[in-house]
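We just call them A, B, C and D in the order they show up, numbering each chain from 1.
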Amino acid sequence: MKYFQPQSVDEALEIAHTSEATFLAGGTDLVLHMRTGKVQPLGLIDLGKISVLREIKEIEGSLEIGSMATFAELGKSELVFRKAHALWQACQTMGSPQIRNQATIGGNLGNCSPAADGLPALLALGAEVCLSTKAGNEILPLESLLSRTPLLEQGALIRGFHIPMNGQKSGFAKLGRRKALAIARLSVAVSVQLNGSRTDNVRVALGAVGRRAFLSEALGQELSGQELNNELLEKGVIEVQRIVREALGTRASAPYKRVAVAGVFREALTSIIPEGGQ
Amino acid sequence: MIEIKLVVNEKPYTLNVEPSERLIDALRNRLGLLGTKEGCGEGECGACTIIMDGKTVNSCLVLAAQANGSVLTTIEGVGNRRSPHPVQKAFVEVGAVQCGFCTPGMVLSAKNLLDKNSHPSETEIGIAMSGNLCRCTGYDKILRAVKIAAEEGKQ
Amino acid sequence: MKTSVVGSRVTREDAWGKVFGQTKFPADVNLPGQLYAVVIRSPHPHARVLSINSDYALEMAGVVAVLSAKDVPHNAHGVLFRDQPVLAEYVRMVGDPVAVVGAETEEIAREAAKRVQVEYEVLPTVFDPEEAMKPDVLPLHPSLRPTNVLYHMPIRRGSMEEGWAKADVVIEKEYNTQHVDHAFLQPEAVLAYLDERGHLVVQTATQYAHYDRGEIAHALGLRFSQVQVKTLAVGGAFGGREDISLQVIAALMAWKTLRPVKMENTREESFYSHSKRHPMRMQYKTGATKDGKLVAMEAKIVGDSGAYASWSINVLRKAAVHATGPYVIPNVSIDSYAVFTNNPFSGAMRGFGAAQTVLAYESQMDLLAKEIGISPLEIRLRNIFKVGSTTATGQVLTSSVPLDQCLAKITPYLQRGGESE
Amino acid sequence: MKKRGIGLGCSWYGTGYGNGFPDVSSAFVEIHDDGSATVLTGAVDVGQGSNSIFAQIVAEELGLEAQDICVYSGDTDATPDSGTTAATRQTYNTGNAVLKAVRQAKSSLLVYAAREFSCPTPEGIELKEGYIGVKGDPSRRVPLADLVFQARLRGERFISAESSTARSTPVDPETGQGAPYWPYSFGCQSAEVEVDTETGVVQVLKVVAVHDVGKALNPTQVEGQIAGGVTQGIGYALLEELELDEGKIKNPAFSSYLIPTALDVPNIEAFFVEDAESTGPFGAKGLGEPAMLPTVAAIINAIDDAVGVRITSIPATPEKILKALAEKNGEVNR
C-alpha cells in the first residue's frame, strides 16, 4: 500500500486521479476498518497536512467549513456556535474528547455511517457540499449527495461545506446508550427561520433511522409558516413518529425508535424555542 | 516503508514505518514506550491516549504516518519520581489508581485538560475524562484527583 | 483495638509505577527471539473436529509451528473438574481453541491462523438451560453427568405448608439476569519461555499463580517444581482471570519449539477466552404477614453454566444460600440448578451468584411492602438478620451482623425527591 | 416527562470458598537487619490493593511504617500458595496468614529482646515507632535496627512461615442445612434515578452506599472498592448485556458491549460501618464483591418508585422501560 501526504488540494487531486488511492481524513473510522479488513485501500492520501481544508470562516453571508475541520474545532468555534447551533451541539456529544480531536466533518460524510453525528445537523442547516475532482468542482445540496450510490466517485474529494447564514435557529438532540462514547441510536436536527413567532423554511433531519441520515422535506413544509409554540411541537411529534414508523418498517429496532423519537424531537425543537416556551 | 519525523517527549526521532502501522504500535514496538496501553483497539477505552500537537488522541486510531511532523507526549514524558506532575501526585494520594491499566491514559487526559484550562468545572473535568474507561475505581476518585491537581496548580 | 498504621490512609506503593507508566503488564514484556502465537477458535457452538490442515499455514515464511489437540500430553484443565480442553477435538462452545500457530511476528501469525483449515462435524446444540435440563437432551459432558444438570442444591427449612398458612400477602414473580462480561481493561497476555534451568517460566496476569502452575504442569506432564508462574501487573480481574485462558497454550508452544512465546488477546479474543457471569432465571414466591414479617419463601433458580463447569457448582450454591436476602424467614424451600448449554461458559464474577439473587429478593421486598402498605425501609427493618439470627441453611450468625447500623446510616438519604420536567 | 425516584437495596455475602472447601492462605515473613521487613505471599494483587494491606498489617505489628515493608507476591518460585484472589478472601484470609506470620517472627524477636532488657517475659516488650524496648519505660528502648543487627551477629534470625484456614463446613446435600460460609458481610445502598418517560432512558443521579467492613484497614481503599462496585452495579442494572446468537457473541467489542463512562456515574457517597469481626485481622472482613451487590436492586426499586413499573429482567434498557410503561397505561401493540 502506498501512502501520500500531499501539501495542497491540487496535489491531492492529482494523486487521486492517477493512483486509485483512498482519501484519509481523520482516520478514526478508516484506520479501524482497515484493521478489521472491512476496507482494503490500494493506497492512502492523507489530507492532514493541507491546512486550507481545516478552515472555519464566514464568507459573504455563508459559513464555510473545510472538510478537515475536526469535531473538536467545530465544537469550540464561536462562529459555529452562533450560526450553526445544531452542528455545534452535535459536536459536543460525538464520541469522546480523543475522537473529537481527530475525527473530521468531511470524514464523517465520507464514511457516511447511518448514525453519523454531523450529518443530520448539516442537512437541517441546508448545507451544500463542495466536491472536487481533477476535472473540476461541484457544489450541491447535501441531501442530493446523500441520495447518490456510491456516495462519491473515485477521486472525488470533499472540500467542505457552505452553510447559508439566513438567521435560522437550529437545534440537535441525540439518543445514545450512554452519555459518552455513544453511537447515536436516534438523532434529530431541526432548523427554523423565524418571522416574529412564525416559522419559515423549517428543515428536519433524522439520523440512525435508515441507511443514511435524511431530510424530511414533507415534515419541514408541514411545520413551516405557523406559530412556533407547543401545539406545533406536538404536531411535529406525531409526524416525526409516523416518519420513523415508515422508515423503519419491521426492523427490530422499530417498536422502540418510533416511540422514543418523540422525546428526541422534542428536545431538539425545544432547544430552539426561546425561554418560556411561547 | 515511509519515513516520518516526530518529536516524542521532547526528543526528535526519524522512523521508517509501514503505511498501515498504527501510532500505538510505532510507540510501543519501535520506541519501546510501553506506558501507552492497548485495551480495545477501537478508540473506545482511551488506554492508549497520548497528546499529539496539544490534543489528546487515541493512538490506536491514528496511523504513525499521520503523525509525521507532530509533537507527541506519552506518559513517559510526564513527571518522574523526583518531581511528579500534580496530576500524578493527586492520583496517588487520592487513591485514584487501582489496577492501573487505564492510568497512563487518564493522566494524559487530565494533564491536557489542565494545560488548557487551569480552572475546570466539575462538568468540564467529567467531559475531559469521558473518553477514558475505567473498570476498577468507578471514576469517583479519578475525578476528585483531577480537581485536586487543578487546585494545586492554582496555588 | 487501637491501631496506627492499620486504619490509616496509607498510599499504595504500586500507584507510583502506574502513574508513570512504568508498571509492566504482560503485554509489556518481551524476549529476544520470541515467537508470536495466535489461537484458531471454533466458529461452531458444538462440533467434532474432523481434521486440521496446517499445510498452507506452514508454507508461509516465518511460521514455525501449528499445534493442535494431538500435541497436548494431557489435554484438559479446569477449576473444579478438568473438563475444558487445552486445544479441543470436541468443541462445546463458539470460541473453543482448536489450534495454535507460532510465527516470527504477530502479522505472520495472524495471517497464518487464517490459513489453517479446520473441518468440523457440526452437532446439535442447546442454548436454553430449561430445555437443556430435559432428560432426553443429549448431555454435553456424559463422563461428568448423565444429563446437562451439573448441580442441584436444595435448601429445606421449616414447613412450607405452615409458612403459606401464616402468610397474609404472597408475591410471586420471575426474574431474569443476563450474560455479563468482566470487561477488565487489560486483555489477556502471556510470555512463556524455558529459562537457563530448563524450567518453564510463564509470566502473565492471573488471579491465582499457583493454580495456573498446576494446570500447566498437568497438561504438559511436568513437575510443579519445573514450572514457574510469575504474576505481572493485573489489569483488573473480577473473576475473569480465575480459569485458564492462554497460559497453557503459550507454555505448550514454548515447550514444543524451545522458543520464548508471546501471546496477546485482542479485545474480541478476550471476550471469547474467559468466563461470563451466569445468567439466571429465578422464580420467587414470598409470603409475609400483614404486619410485614416474612414467613415463607420458595425459589427455583436455574443458572446457565454454558459449555464448561468452571465454578458453576459454587456459584449456584452461593445463589441458593443467599437467596433469602439478609432476612429471617422460618420456612424456606429453594432449588438451585447449574445447567450445561452450548453458550459461552460461565464462571466466577464479582458477586458470584449472590449478584443475581439480590435482584429477586430485593424486588420481592419492595413489592411486599407496597402490598402491605409499609415503607421499603420498614419491611427490611422488621426482618433483617441480627446477631443470633438463623439463616435459611440453619446457620446461627454469631458476630458482626451490623445491617441495622448500615440501615440507620442510610435512612436520611431515602427521602423522595421532587419531580422535574 | 422526567420523573425521579429513590430505591433501597440490601445485601449479604458469605466470603471465602465456603462449603468446607479448604480455604488456606500462607505467608512468609523476614525481619531484616535494619529493622525493615519483607513478606512473601502467593496472594495476587489484582489492583484491589492487597499488597498494601499486607504491608500495613506487618507495619502495625512491628511498630513500623507501611513503606518499611516489602511485599512480594504471586510468584510460584518464591511465594507460598495463598489461594485465589477471589471470593472476597484476601484481606481476611491472607491478611490472617500474614498477621500470624508476622506475630510468629515477632514473638522470637520479643523473646530475644526480653533477654536483652532483662525482662522476665516477652509480654513486657513493645515495638513502637521503629524502636523496641520495655513497655511503659521510654528510657529503656533502642532502635529496632540496632537490636536486630546485634541479634544477627549472635546467629539469631527472625523468619516465619504461617498458614491460616478459614472456618467453613459442607452443607447437607439433601436439605442444604449447615454453616457454609464465614464471615458474612452486609451492606445497603440507595439510588436516586431520573426516568425519561418518552425515551425510557434512566439516569442515576446519586448513590449512597453503606457497607459493613468489620474494620477498615485502609479507608481510601474501602472507598475505592465501594465506588468501583457501585459503578459495575450500574452497568449491570442498566447497560451491560452479552448478546448471543446461537452461542456466538454478537457484541465482542467495547463499542457494542457498553460499560459506564465517567459521565454515566453519579456522585457516590460511600460510608462504612465498623463492627469488628473477631476472626478477622484487626477485626476486618472483605468488601470486594459485596460492594457491587445492592446497586442493581436500589436502581430497579428506584425506577419503580419513579414511574411505577417493575422491571424484572436486567439490564433495564430504555426498550424494556417504554414497553412496561405502555403496558401499565394499557396501551397495547404500540
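Definition applied: a contact is a pair of C-beta atoms (placed from the backbone, for glycine too) under 8 Å apart; a residue touches a chain by one contact, two chains touch by 3 or more.
By chain, UniProt protein names: A = Carbon-monoxide dehydrogenase medium subunit; B = Carbon-monoxide dehydrogenase small subunit; C = Aldehyde oxidase and xanthine dehydrogenase, a/b hammerhead domain; D = Molybdopterin-binding domain of aldehyde dehydrogenase.
Bear in mind that the values here come from a model prediction, so they are computed numbers and not experimental data.
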Central subunit by CA centre of mass proxy: C
Between subunit A and subunit D, centroid-to-centroid distance (C-alpha), Å: 48
Distance from the mean Cα position of subunit D to that of subunit B, given in whole angstrom: 29
Averaged-CA centre spacing for the pair subunit C and subunit B, given as whole angstrom: 32
Residues within subunit D bordering two or more other chains: 46-47, 49, 220-221, 229, 232, 253-255, 259-263
Shared-contact residues (touching 2 or more other chains) in subunit A: 96, 179-181
Multi-partner residues of subunit C (each touching 2 or more other chains): 9, 11-12, 14, 183, 233-238, 267
Touch relationships between chains, expressed as pairs: A-B, A-D, B-C, B-D, C-D
Complex interface listing, subunit C residues touching subunit D: 1, 3-14, 43, 45-46, 93-95, 125, 127, 153-157, 173-181, 183, 205-211, 213, 224, 227-231, 233-239, 241-242, 267-268, 271-272, 276, 314, 317-318, 320-322, 325-326, 334, 342-344, 348, 350-352, 354-355, 358-359, 362-363, 365-367, 376-377, 380, 384-385, 392-397, 399-403, 405-407, 409-410, 413-421
Interfacial residue positions of subunit A with respect to subunit D in the complex: 96, 175, 177-183, 255-256, 259-260, 262-264, 266
Residues of subunit C defined as touching subunit B within the complex: 9, 11-12, 14-25, 27-28, 182-187, 233-238, 266-267
Residue numbers on subunit D that touch subunit C, as the complex places them: 1-14, 17-19, 21, 42, 44-47, 49, 51-52, 55-57, 59-60, 64-67, 71, 73-77, 79, 81-87, 171, 173-181, 183-184, 186-190, 192, 194, 208, 210-212, 214-221, 229, 232, 236, 240-242, 244, 246-249, 252-254, 257, 259, 269, 271, 273, 275-278, 282-283, 285, 288-289, 292-294, 296-298, 300-301, 304-305, 310, 312-315
Contact footprint of subunit B on subunit D as seen in their complex: 46-49, 220-221, 223-224, 226-232, 253-255, 259-263, 265, 267-268, 270
